[in-house]
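Below, each structure is written out as structure tokens.
Two complexes are shown next, each including chain A; its partner changes from chain B in the first to chain C in the second.
Right after this comes the complex of A and B.
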């Protein structure tokens, strides 16, 4: 295995392949920077170019791009509070408040460094998982997958803020919006009003843009001020890196969590950052998550890059995509004459190992490139909102249109954008809505498969009970810890 | 309008939506109905309870506490800017619509001088064209086919 890994490294370091990797890295950063595009759109844009390509070159281009999308998407998340891609929403929670305090460079430094470390850990996890993943992944039954989806949904409760009712309703609304379109179990359309556009359901990038980006733009215009409340940037890149090093265990913990969540098919990249954020919030002492705590940036940024390594495990070994991006990668492999499955561990092992190396090297190059560009881009946070917003609105509209090339996406952008704005001004939490929306299809699919196949007996399965207990502990434990924390604060401890 | 009143209106809308979704779900086949039916029934119950508590709070506090007010007109104006931009795209295509929208917005809302507005719009259009060609990004076409 070690010899094969070294052989794959020499293949990856070939100058022509490195050139394509760098091209992929450049495109990945641009795609990450542009709100709404994200990995899925970026990958689909690349697919026409890799048809019939040498697999190592094609892999260098595709994986080079995928690896750094979550590095590039850090810029809009922190600087303007707009998610660059679906996997960078949680970064906004503390990254944007830090930018408002004039500490954008510090947040960026920490985020980019954690992205790099997360990406490397993701690559290592992928490497280590190759020989042991097969028996484990085949043991996941639909009830277990359903319970894992519920675990993801329980994060909506954890992120609900002061009002659990608002959080629950927001999550339920997300689930209901996710139910629009064709039913997974039967060929029937729901809540479509006979509209062809709605028959496919609403697109995730459009909903994410509308629920997060649109309200931010309106708020920026109403406030008519710069994003940064101070006129100069305090702190710096090195301070951010220092923060990450100080919280090394949080970085490693979140990266491993990211890899594991990415490994679970169907949970997808949009949930991983919230899971890491929620886990960080529960495990870090004296935190001020949501108010500009640097650890609120470190946790999701470590996880979202690491997720890519994990999500490649089921994709490459079983042809089961762990996210939308990997689903397109699966198509890319076929275009290059490769077949996902056991062959990737035998005759195509060098290709698999080249993916691991590309993931690691691209993360290092991507993060270093972004660190060099931090200062000029960080200055964006000092531009007054009313000057930045019209250009962002153009990006928003173009980004929203890329999902289906449909006018319906633009109408949805306005409609759900207004919903997002009302939720913002009324202090309704928006993340639960998106989590509900993302998990709606997998929750429904795994639920009906479980019921159809096992009846209600699946509820008695030991793994199902264990995950159920974890959910209850997470929800009640969080509430109990909060009460204890408040009482300690009152007592002045 | 006060924040609490708007919250009651918003929750009422949610309650109606969940209830309508539950009633609509009854018409679906068994395999298609259970998920939206369960979700909307739970949503209807939770929103109903939350609505009742909010109305109770609103009635109780109406004259005692001064409520914070929410802006309605300004957000609507800015939403109309985006909606108007999309409307012009529908008529004239993305390129022309972006030029019109950016110049108009920068002059009226951002208080740019005419030169600065045209200059900034020009740069934005060049970047947009280059990046779109590079990434093969699709542009929405207008009725006049631009």
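Right after this comes the complex of A and C.
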């Protein structure tokens, strides 16, 4: 295995392939940088050019692009509080407050460095998982997957902020929105009002943009003034890297969580940043998450790049795409004459290994490239808000319209966007809504399958019970801890 | 300073618009030829694909464009336009309603476009009778079982003692034909639906969550055939293909696997007949024998249709194409 890995490295480092990888990286960063455009758009752009390409060249292009999307999408999240792609929303929570304090460069430095480390860890996980992937994937039966979606949903509670009730309601609202469209197992349509647009359900990029980016535009217009409250930008890139190094365990922990979530097929890797953020909030001591804590940037940024490595395992070995991006990647492989499946481990092993190397190398190049860009781009946060809004509004509309090329996308953007704005005014937490939305279909799907296949027997499976206990601890643990800390505070007073 | 930043932003915006433009592949209105003469010179043909880019139908359509264009006079470029949504109904509706019927617009459909039409779903606005098929690509399907069933072939299906579980997607998708084949054979398999696709259904088979499953030709050859050699899966029967006489015959891709029809005859001693069997044949034709079809509007100019048909005929006989 090691020998073939070295062989694959020499294939990847071939100058002509490196050129294509750099092309992919460039495009990936741009697509990530522009709010609303994500991996799916990048992939569809490249697909027409892939046809008949040498697989190694094509893979350098595609994987190079995918690898750095979550590096580039950090810019808008931190600088203007608008998610660069669906995978970098959690970065806003602390990155944006940091930018407001004028510490944008520091946050960017930390985020990019973590993206790089996370991406490399993702690549390593992919490499290590190759020999054991098959038994691992088959161990995730439907009841286990159902319990994992429940675990993800209970994370919504962690992100609820001060009021668990508001968090729960927001999560339920998300589940409700996620239920729009055709049911996973039967041909029932829900809340579609005979509209074909709604029959597919709402698409994630539109909802994510609406719920996070739309309200910020209104806020910018109302508040006026630039995002950074101070006129000079303090705290350099190096300080950010130093912050990341100080929290190396958090980086590694989040990256491993990221690759694991990406690896589990059907769990929706798109909430991985929130899960890492929630887990970080729970485990980091003395944190001020949500008010500009640098660790709130480190956790999600380490996880979202690491996710790509994990999500490639089921895609390559089983032909099961975990996301829109990997679904198109599968099509791209076929266009290059490759077929995802067990062969990727035997006769096509060099291709698989070249993917691992491309992931690692692209993450390094991408992060370095972005670090050079920090200085000019960080100045965006000094521009007065009302001058930014028109540009952002156009980007937002285009980003949303990319989902289905339909008027429905724009109507959804405005409708959900207004909901998001109302939620910000009422101080309701929005992350639980998004988690509910993403997990709604999976939760229903696996619950339905579990009941249909096993009756109620599945509730007795050891893994199911274990995850159940973890959920209970997560949910009650927080409340109990809070009570203790409140009573301690009272005693202090 | 601010002015310069604004320039940068404008540049970014133009870039996005450009990227967005590339993706949606804006419709370019074709050269209308008024007098029936079709020469397709400087014309851009559009191939509508009612699915997201990267899917099976999209890959098929993209694969076909180049060789198809080579066989049309003046070799016009054919560009693929994805109109996803509504499980391919949106795009096909749009094709029949808003694309000009001048022979420059084609559409590629697949089984999941044909089934809603056959089931007369209310959202379907297209009528396949109003489209002229140019070329179709068949696929086949093989039903296989787990070794736990303790049978050696489909002929012994009636001796299975275990409960049969089938993992599928939805009752109106590609699974429908397999489910009807269970009806034909009177197999009492519990259909557990809701899986995301044939891939996850295959994993469910490996997990033991299902013990009878089917895969289409390519997936079967890639993923199941090696399992059959290792004794981890047992081929039971193939769904067969429909021949010119409308009869079910052995799939040329799987000459050694008996069809549903043969299994039925072995078990019951008579040929299958009746309503269920007729329905089965109907669906087999629409979902497998004609799994992917390229169509043109029926009301397109005759000359254009003839030119396209000729191109397709030449294409089918092209040896180099066959190799691919």
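Definition applied: the second predicted complex is superposed on the first by the 482 of 493 C-alpha atoms of A that agree within 3 Å, B and C clash if a C-alpha of one lies under 4 Å from a C-alpha of the other, contacts with A are read in each partner's own complex, and residues count from 1 in each chain.
Everything below uses one rule, namely that a contact is a pair of C-beta atoms (placed from the backbone, for glycine too) under 8 Å apart; a residue touches a chain by one contact, two chains touch by 3 or more.
Model, not experiment: these values are computed from the prediction.
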Partner chain(s) touched by A:23 [first = chain B, second = chain C, both, neither]: neither
Partner chain(s) touched by A:387 [first = chain B, second = chain C, both, neither]: both
First (chain B), second (chain C), both or neither touched by A:196: second
Which superposed partner A:339 touches (first chain B, second chain C, both, neither): second
Which superposed partner A:331 touches (first chain B, second chain C, both, neither): second
Chain B versus chain C as contact partner of A:218, first or second or both or neither: first
First (chain B), second (chain C), both or neither touched by A:186: both
Contacts of A:173 with chain B and chain C, given as first, second, both or neither: first
Chain B versus chain C as contact partner of A:463, first or second or both or neither: neither
Footprint overlap on chain A, where chain B in one structure and chain C in the other make contact: 30-31, 34, 37, 45, 48, 185-186, 384, 387, 391, 394, 398, 401-402, 405, 448
Touching residues (chain side chain A, partner chain C) in the complex: 30-31, 33-34, 37, 41, 43-45, 47-48, 51, 137-139, 141-142, 182, 184-187, 194, 196-197, 199-200, 265-266, 318-320, 324, 327-332, 334-335, 339, 341-343, 379-380, 383-384, 387-388, 391, 394-395, 398, 401-402, 404-406, 445, 448-449, 452-453
Residue ranges of chain A in contact with chain B within the complex: 27, 30-31, 34, 37, 42, 45, 48, 165-166, 168-169, 172-173, 175-176, 179, 183, 185-186, 188, 190-191, 214, 217-218, 221-222, 384, 386-387, 390-391, 393-394, 396-398, 401-402, 405, 407, 410-411, 413-414, 417-418, 421-422, 425-426, 428, 440, 443-444, 447-448
Touching residues (chain side chain B, partner chain A) in the complex: 3, 6-7, 10-11, 14, 17-18, 21, 24-25, 28-29, 31-32, 34-36, 39-40, 42-43, 46-47, 49-50, 70-71, 74-75, 78-79, 81-83, 85-86, 89-90, 94, 98, 101-102, 105-106, 109-112, 124, 128, 131-132, 135-140
For the chain C and chain A complex, residues of the former touching the latter: 2, 5-6, 9-10, 12-13, 15-17, 19-20, 22-24, 52-56, 58-59, 62-63, 66, 80, 82-87, 89-90, 93, 122-123, 165, 167, 170-172, 190, 192-197, 199-200, 202-204, 206-207, 209-210, 218-219, 222-223, 226
